[in-house]
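There are two complexes below, and they share chain A, which is joined by chain B in the first and by chain C in the second.
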Partner chain A sequence: MSTIALRRRDQIGALSSRSILSLVRQPSLVVPSLIFPLFFVALGTSAFARAINIPGFPEVDSFLDFALAGSVVQGVLFGSVTSATALATDIETGFFDRLLVAPSSRTAILVGRLAGAMVYGLAQTLFFTLVLFPFGLSIQSGVIGLIAMMIGGLFTALAVGALMSAMAIKTGSSEAVQGSFPLIFILLFFSSAFFPRQTMDGVYRRIADINPLSYLVEGFRSLTIDQLTLTAVLQTILIPAAISIIGIGISLRTLRNRLAAS
Partner chain B sequence: MSSTTQSPIIARDLVRTFGSGEDEVRAVDGVNLEVTAGEVFGFLGPNGAGKSTTVRILTTLLKPSGGSASVAGFDIVTQADAVRRSIGVALQDAAIDPLMTGTELLRLQAVLYGIPRNSQAERAGELLERVGLSAAGDRRVGTYSGGMRRRLDLALALIHEPTVLFLDEPTTGLDPMSRMSLWEEIRRLNNDGTTVLLTTQYLEEADQLADRVAIIDNGKIVKEGRPEALKTDVGAPTLLISVADHHVESAREVLAQFGEARPTAEGTLGVGLTQGASDVSNVVRALDAQGIAVEHLELRAPSLDDVFAEATGHRLEGAS
Partner chain C sequence: MSASLGIATRSLRNIRRLPSAFIPALLMPVFQVVSFSGTYAGVTQMPGFPTDRSVNWYLPMAVTMGASFAGLGTGFSMIRDLQTGFSDRLRMAPTSRRQLLLGPYIAAWVRACIAVVLVTLVGFALGARPVGNGLGTFSLFIAGIGMATIGTGWGLGLAYRFRDMRAAAIMQLTLFLGLFLTDAQTPIHLMDGWLEFVARWNPLTRILHVARIGFVDGIGSADLLIGIIVMTLAAAGAWGFALTGLGRLDD
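And then the complex of A and B:
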């Protein structure tokens, strides 16, 4: 590896430790994104227990198996808002300037800030699965499927984090980033996160059909309720990975513009 | 392509605008600067004068709208990364992550500046000792006082032993004791050969530290030189007088006979005594002859504040 690449690797490492550390040292930021999705699962599983008999509903043992994917994606999305908010706070306090004024790689600054969310996304996936196991959750695709889901969780956190970071860099306001929270909630509701697309109708169905979150959730869901398939693994990992690349591109571009225009 | 003969900081016709059309603001409006090696250069001006914007341009955080500048021999736009490698920067308000400890921040900074892993801990320890924070190194920065944060900020800026140091209002908001200890540290660094550009809104700070001072107002440098020379240029000492409100106008007329009016804080009249201090008694007699009672009288030797007032027509930091 060249010296520059080595330095970038070290910088990503050091900045990642910082972002992970900041999550660990502020548990109050983390806890809600662990509890809310579980609350949704509990609610759904008791309220919609018989929904699985509706024609068009995928074949599952219980609503719980169906609900896991939605709650994982929901939890990871919320976690990513936290990490983009942290970036906006860095901009507000001026810490971001400290990083920019150092001979540091711009990609390292961005990816380092999102690393906390990535590790957290992976941990969340594992956490939800482990907590729900005693309540009868089963992962049909086995250990490999679970690992694929964890990697998918990691990339989902990076993808959403990167897109939200563009907003953080553009506005430099943690309020603006947090204000987008309901928007994400709406996007999630207009997807197949809580109900299968097959049971939807009209406008609702049409929106869910074009909502990328539907396809992301369905990848996770297929790994939970179906036997392991390559398609499901790729869907779970590649969709968020592709969005990550686009998101990082947009964020870096926003960063360049910020230096010229702010 | 750093050359040893070139001055470490050179700015030519630097311009920075914000907004466009009628809303356009020229925050920096044609600034020319040359700071020579080993100098402490003070950049003096009120809030919003363009000090910080100039520093942000010179430290590559902002692109100039016009003009050019080089720092440590590198162009700030085309060789920004080389500039970043050569300079130490402590920005206004010491932005420090409160969740991290002093040692953690120094080690992060060491990685950013490419300091080899095996010497990071040692360097962090040295710097903490240098700024007197050894005992607080393992405490989270959130528990530090304002003065401690500024000292840590300075230590962070020194991690790679830069030859050029930018300090943006290093002591704003600090108590006198903390201010003095930071001044001492800046002098020590300068004695070791570091070139320092510092911005300040404190005249005393510029007077104490700077070899040369530039006064900036509305984005333009209005005066530049050694503090002593600038003060001598202003020449006459300032006589400050307070009188009852209804006497202000007539007192102003009387004072005009003794020299030029000097800007002062509200409720006070100021005059630069052309004949020097010996004229004070004549002023008092002349006022007395008009039946104007003097409530307060003060004679002040020329200060940087007078230089500032003469150059800009208004006073800094509400000084009278």
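And then the complex of A and C:
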């Protein structure tokens, strides 16, 4: 039993190393998910600098503090799509089938592939924070809050990566996975990622109110602009963790269906 | 002229034959006007914001963006034609270079009209209302066609120079950045920091003023005149960029 467990651990380790290395070796895949969120932060910080005084806007020192959460979630979402696209590419090239015929655990194959996204999500959170510090960013919840955000980034990457992996396994097409990118962008825009829900009205407010991304972003935001609270930590970590469990479940089920159909 | 019309007709037929190449460029500005108007609805509460309707501010931006990307679409088609060799066959035909260039321009203007009309209708459905005598809608249309002309020249010029899909990435990125580095999101006088400087000197800001004149307060006839001059010069420059690029194919 322990041998099997060890093997599974080794499999996850080997596949994780491969997925992480593939991101390191292909910077062109990851650079856009670092540059674009930073560009939008730079743009928003200058364009909406005075918007922080409008009614309903949370109390913040600068728009930069407000914008960090949105940029982290935006970057992590984009990075996760890249990872799921890599899985679809593995399916297209036949590498995935070779893994399936090998005596390897199905969970290990999936989690190993998603490990790259998880590590990248964590690194992105740290990267955005470090890059924006010299421009006046302040994390009110301190180092513990930052660590919680990094864990939140990791789980967000896992959650979105798992859901997108289900699509990759179902379609086996990297083009289809890439094609879902606008859906994520729409979901992000109709949340409180870029502007507070309290300043929206009508149908936009209602959509943002039911959009889970709003609550995910607001967890990160609370850790940035408020003092450390257990509620904010749990919101930042537990929401993506819960989505991760659902996402992995859907992915494994999709994988089983794919195997049954083949 | 018949050669230009032939090329334009072929390009427009591709909308039906290859909708996946045109529809995203059409949906993007629609999404933009819908999402920006709602997400940033609160910006109208900033003291000094020149309209109380966020859609009035964001509709012109979405229209110019959609029209310019409709223009870039001809650049994408040109890359395909260059790679398949169709463009070489056209260049061997007894037709002037200007005729060959005018064809994609005509197609771009038609594509831009579709984008401008659709986005404007969506904007009006969301509550956009012109201020003044309603001539602003015409000004919005002119700005859209102007941006489509600039986008077409820019896209074709890059396509002729790179001759592969690298040009597509460059043309999209540059135009996207160029349009966002204006007062696309908030008026210049409400900005703070680096963007205020960049937007003030970005010529595309002046073109956005032409688009916005009928929808927000504070843009006068002098702004309109400056905007039209900038737009004309930019369109002429883009035409020259495309024409010299076409000439380089002979090298």
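Operating definition for what follows: the second predicted complex is superposed on the first by the 260 of 262 C-alpha atoms of A that agree within 3 Å, B and C clash if a C-alpha of one lies under 4 Å from a C-alpha of the other, contacts with A are read in each partner's own complex, and residues count from 1 in each chain.
As a convention for this text, a contact is a pair of C-beta atoms (placed from the backbone, for glycine too) under 8 Å apart; a residue touches a chain by one contact, two chains touch by 3 or more.
Source: prediction; values computed, not measured.
By the touch criterion defined above, A:22 reaches chain B but does not reach chain C. In the superposition on chain A, A:199 contacts chain C only, with no contact to chain B. By the touch criterion stated above, A:143 is placed in contact with neither chain B nor chain C. In the superposition on chain A, A:186 contacts chain C only, with no contact to chain B.
Residue contacts after overlaying the shared chain place A:57 against chain C, while chain B stays out of touching range.
Shared-chain residue A:49: touches chain C; no touch with chain B.
In the superposition on chain A, no contact is made by A:230 with either chain B or chain C. Of all the residues in chain A, the ones that touch chain C in their complex are 39, 42-51, 53-57, 182, 186, 189-190, 194-196, 199-204.
Contact residues of chain C toward chain A in the complex are 24, 31, 35, 38-43, 45-46, 177, 180-181, 184-186, 190-196. Note for the complex: chain A touches chain B at residues 7, 10-11, 13-15, 18, 21-22, 25-26, 90, 93-104, 259-260, 262. The part of chain B that touches chain A in the complex is made up of residues 59-63, 81, 84-85, 87, 89, 91-93, 95-97, 99-100, 104, 107-109, 111-114, 117, 156.
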